[in-house]
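My questions will all concern the structure given below.
Chain IDs A, B, C, D and E follow the sequence of writing; residue 1 opens each chain.
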Amino acid sequence: GRQPASSPAGSPGLVKVRFQTDWFPQPEHGGYYQALAKGYYAEEGLEVEILPGGPNAQVMSSVAVGRADLGMTNGDDVIVAVARGLPIKMVAAEMQRDPQGILFHEEHPLRSLRDLEGKTLMAGAGSTWLEVLSKKLGIKFNLMPLVGDLARFMNDPTFVQQCFVTNEPYFARQRGAQVGALLIASDEYEPYRVIFTGRDYLAKHPEVVRKFVRASVRGWIDYLGGDPAAANRLLAAKRSDLPAEFMTYSIKAMNDYRLVAGDPAKGERVGLLTAARIQKQIDLLREIGVLDRHVGVADVAALEFVPAP
Amino acid sequence: MEGPEPIVKFTALRKRYGSGPVVLDNLTLAAAEGDFISLIGPSGCGKSTILKLVSGLNPVSEGQLAVLGTTPRQARDRQAFIFQDATLLPWLTARRNVELPLRLRGSPAAERRAKAREMLALVGLDHAQDYFPRQLSGGMRMRVSIARALTLSPRLLLLDEPFGALDEMTRNRLNEELLALRERWRFTALFVTHSVSEAVFLSNRIMVMAAHPGRLHGEVRVDFPYPRAGELRGRPEFQAKVNEVSRLLHEVEETVSP
Amino acid sequence: MKAPIMKKPSSLQLWLLPVVSGLAFVGLWYGVRRWSGLQSWILPTPAEIIAAAWTERARLLAAAGNTAVGALAGFLLAGVLGFGTSMLLGVSRALRASLYPWLLVLQMTPVIVLTPIIVLWAGPGLPGIVTVTWLISYFPIVANMTQGLLSTDMNHVALFRMANATPLQEMLLLRVPSAMPYYLAGLRIAATLAPIGAIFGEYMVGNSSGGTGGLGFLVYSYNTQIKIPALFATALTSCLLGFVFVAAVSFLNWAVLHQWHDSFERADH
Amino acid sequence: MKAPIMKKPSSLQLWLLPVVSGLAFVGLWYGVRRWSGLQSWILPTPAEIIAAAWTERARLLAAAGNTAVGALAGFLLAGVLGFGTSMLLGVSRALRASLYPWLLVLQMTPVIVLTPIIVLWAGPGLPGIVTVTWLISYFPIVANMTQGLLSTDMNHVALFRMANATPLQEMLLLRVPSAMPYYLAGLRIAATLAPIGAIFGEYMVGNSSGGTGGLGFLVYSYNTQIKIPALFATALTSCLLGFVFVAAVSFLNWAVLHQWHDSFERADH
Amino acid sequence: MEGPEPIVKFTALRKRYGSGPVVLDNLTLAAAEGDFISLIGPSGCGKSTILKLVSGLNPVSEGQLAVLGTTPRQARDRQAFIFQDATLLPWLTARRNVELPLRLRGSPAAERRAKAREMLALVGLDHAQDYFPRQLSGGMRMRVSIARALTLSPRLLLLDEPFGALDEMTRNRLNEELLALRERWRFTALFVTHSVSEAVFLSNRIMVMAAHPGRLHGEVRVDFPYPRAGELRGRPEFQAKVNEVSRLLHEVEETVSP
């Protein structure tokens, strides 16, 4: 059964919005939970329900067929999906930089992506960034499917595997391993994580989208810069297996890697999507051959919802 | 229709299983209403096969066969078959095995039960009602099978050595019961047996068969009037008939035996 | 001289034997740990697993409850639909020729391909999990039961044909009872598949709504948190859940067959 | 009047029927697409799938080849070991009581928990894939064959006991042949499980240098790339592979049983 | 050892299946070397059960039973059992069914084959060697089963109505063959039959049994010297013996029949 999220549930006059996350509730969704907990959505007149995801969450198709109103995912995925015909558009950046990284043991450090040459990497087959590695950067490596376990990593100091820099390193260190994580995003490849919605929904409810984005950005700024306790309480209630220190670690990692806010020196800020960067991503994807047909920035993104600084 | 239609009518019939040898050759035979015909002959001469053809369980290869004025299969609801093996369902008790044909006809449970009791008593198995087949002796299983076939009071009864596994007393008693039933509902019977005296006691016609290929060798008519009583067996005319049939059988078998 | 009394395992022995073999198994386990140099995060010792199970008992229990619901629903669905489908397949050769290939296609399509459709049509969470469990445990039942329906003794079939039984009666009163050993063997396979099917389903189409997912969620969670003893404790819980299913099927097997089937004949020697 | 010639489907009809039902199925498919409003990225049409299969034929073929190797090896392993294990279980009640529970544990432990051990002991890539395939298809064979071995007609057992047959002879010359219908039903289940087992194995423990994995790799990669028609084409390939396995088992079934078993008795009416 | 040890010795034996009724009560009986003992009695009186006890297929409930000087099971390698049902393995041809006991003893293939041919010829089935059981008639199946039991030349032969499904000629011929074999290798036999004349022809001792519970009612000794020839059946002494046994049987059955 789908129950409305906590907070001002059932209040009259609020517009219901269903937001699909890509994974089980975790600090990488903290901004939304903060907005929910602090009532930022309610202030905008929205009653937001955050739908938990999981493996195979089907975020994009859920939004495309209207099971959810908005969703979050990797920016590349949206571009590819639009090229395959899914009627969706990104409307804001959740993170300026994707938190995906590569986890390694300090004994066998990985200083740049080029160090992957000749190694066996455990990662999700078919991910765009792997194509970038092999086709754009010309790195040769052996691929092993990502199942979600860290046991093999722990057992083998030469092992490298895909991770979220906000996530796995914490647990590996807890077990006493000296590990580092290399962010995949680089100057050559810098995908956003984005909030997106269905084209129909966008056309019918632009104001709802605008309000949702505005409140979410507010939530993110507050979560990372202010007191995250409100969101963390909500997260802990949804998931009993998240230790408090872990959430602290995740928040710190998001700040340290400047995942959400980006680099102010480059003019990046929370939520910002720029046509230039999207275009660059499209070009890159076309170059490595994962786009079936031509798409332009306007096809994949609606930039007008990003709140002004 | 001119004259009474025969109950079973074979015309120049031939049977082979698949592409095997001819099992029955040139069989022509008509059973009239009320006939009690015994089939007797060496093992493997095709007696069971004849019953399977009449029942429609096996198709005729050549020639024609009419049963109760129609095809064997359409005549099934007025036939009952007692197989050479007891063919009891192992998951049903004796009583429920006997009830089966009634159950298949949709009779109410109480009626079924009463009838099954009656038939089991007839074959002397009132005490074994609730036994499962694997708890019964060979002869008891066969008697359950007989009880089952008789529940439906069929017009045409096909019996494949029903009494072969029984002791003489039980056998004689069941022979007499069978004739008593015949008085009650006047069935026609095709009866396979290896016992010449049983054949003589029960039938009005005895078909002696030869093997390789199976065929009719000769017929003996037995004219003792029905109803017949057990004392018939002691009469010299009876013994004379038995000798006549035995002689025919010896003729048949002499030609086969090495 | 007396007739021989055979040495058969007594029922006490039948209870003891798995315990003894279990002890041997645990010993082997410790041996492997000792001589292979495997570490706790690859193969924890039984003691570590039990300890983890105890620490995590509350979550394990709650998760097992959730998984049990999905597994049970999927299993029952598979049991009932498998039974029905097999009857359709058993009743007519034409239906068999028409349907069987498509059942095979259904069985042989990797679940991951169907995931989006399942999520869309059945919905994520429990309905999807039940669907996946059903998909996984359905076919073994159909395959077995159909073989059973076709293996009916031809003499019995002849009996029914002679009694002018309708095809439905032949099915219900003859073929189905005589196929029970096959059906029950299929159910036993399905019983072992249902819990892991539900866990797999949670993995594929589950979500953690409500904060306490099923065992599949715990598998994921313990895995990324490298709580390997707890992971094995989850597997143990899944096995225990499976044993409940298997025990239920074994009881059914006994209830249905013991009076008449040769697999329950006391070989008296 | 002639004895009735029954209307049974001729063998031509038996070939045509799946085709006809297939056409009906495809029609239904287009209908669903049309009326449900599903789009190509959820449920591609058969035409789109065929087109994708054609475009991707080189990769599909290569991947199918890889997967076939793993599936076949795992299947054969399961067939042989399942046979052997069942004989062990069938030969003695004590062994059954000791081993069966642990077999169930093996079957009911989610593969994901064992993945690290499998990779460590069997090695990643083909050996691991074969192990996973084996794990998945092994138990249905054991469950069926064991039930079959226990279902032997007690009269036949009495015959063997009287002839002073050794337990081994009783097993090989009596129980095994009479369990063949059960074994073959188990093999048929395993045949459908082997290709998806191998795909799952590639998912869990495969490795692929330079992007030439098996179908499991393609499934994953088409799925993340949202190449849904190609994903369905992969599923189709997996089904076709499975059909080869099933056909092989059906042939074996025919070869072993047709001369004597009632499932091949031509009901002559 | 003082005096020849009996081949089979029952002492105050009682048998019940599980917790069912008493099936055999107070059975005391000794079979000496070379005895050919027939068991005769109403259906369900426990004849098959006696053979199962002797063969060790079923355990004794109370009392004692020694076979060939040892336990029934240990004596098995010197016994053969012809069951009431043919019990052929459906996946083997007639010939390979007959070969089975030799195969179980590990005889070489050629020898097995020759022996199987010989035994099949003895029962008149040379032409049906390669048939599967489902292609055989009921009597043919039983004959295959007989052939199978005889291949091993056992010292003790247990026969449960082996000839019940056969026609008289075949039956008589096989009776004579059986006695001829007895001359050759001097087995001891326990023979269940429902045919009094068969019992008289074959045996030196006939046990007449009563039912509910199964027990020995009386014994008839048949002193015609072996070897016996077919013409014995026509002799008046023969008929006298038949009548004597029949009288006993009638006594037994009268007490049971309703």
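Couple of notes before you dig in:
Methods note: a contact is a pair of C-beta atoms (placed from the backbone, for glycine too) under 8 Å apart; a residue touches a chain by one contact, two chains touch by 3 or more.
Because the structure is predicted, anything quoted here is derived from the model rather than measured.
Least step count on the touch graph, subunit C to subunit D: 1.
Common neighbours of subunit B and subunit D under the contact definition above: C, E.
Counting C-beta pairs in contact, the pair that comes out ahead of the other among A-C and D-E is A-C. Each chain gets one centre point, the mean of its Cα atoms, and the points for subunit B and subunit C are 49 Å apart. Chain geometry summary: the mean Cα position of subunit A and that of subunit D are 39 Å apart.
Residues of subunit A found to touch two or more other chains are 61, 65, 147-149, 151, 155. Shared interface positions of subunit E, defined as residues touching 2 or more other chains, are 56-57, 85, 134.
Counting only residues that touch two or more partner chains, subunit D has 38, 42, 112, 116, 120, 154, 161, 203, 216, 220, 223, 228, 261, 265, 269. For subunit E in complex with subunit B, the residues that touch the partner chain are 17, 20, 40-44, 47-48, 84-85, 124, 128, 135-140, 143, 160-161, 164-171, 173, 194-196, 246, 249-250, 253, 257-258. On the subunit D side of its complex with subunit A, the touching residues are 38-42, 112, 115-116, 119-120, 124, 202-211, 213, 216-217, 220-228. Remark: subunit D residues 155-156, 158-165, 169, 173-174, 177-178, 180, 259-261, 265 touch subunit E in the complex. Interface of subunit B with subunit C (complex): residues 55-57, 76-77, 79-81, 83, 85, 87, 89-92, 100-101, 103-104, 132-134, 152.
On the side of subunit D, the complex with subunit C involves touching residues 8-9, 13-14, 17-18, 20-22, 25, 38, 42-43, 93-94, 97-102, 104-105, 107-113, 116-117, 120, 139-140, 143-144, 147-148, 150-154, 157, 161, 181-182, 184-185, 188-189, 192, 195-196, 199-200, 203, 215-216, 219-220, 223, 228, 231-232, 234-235, 238-239, 242-243, 246, 261-263, 265, 267, 269.
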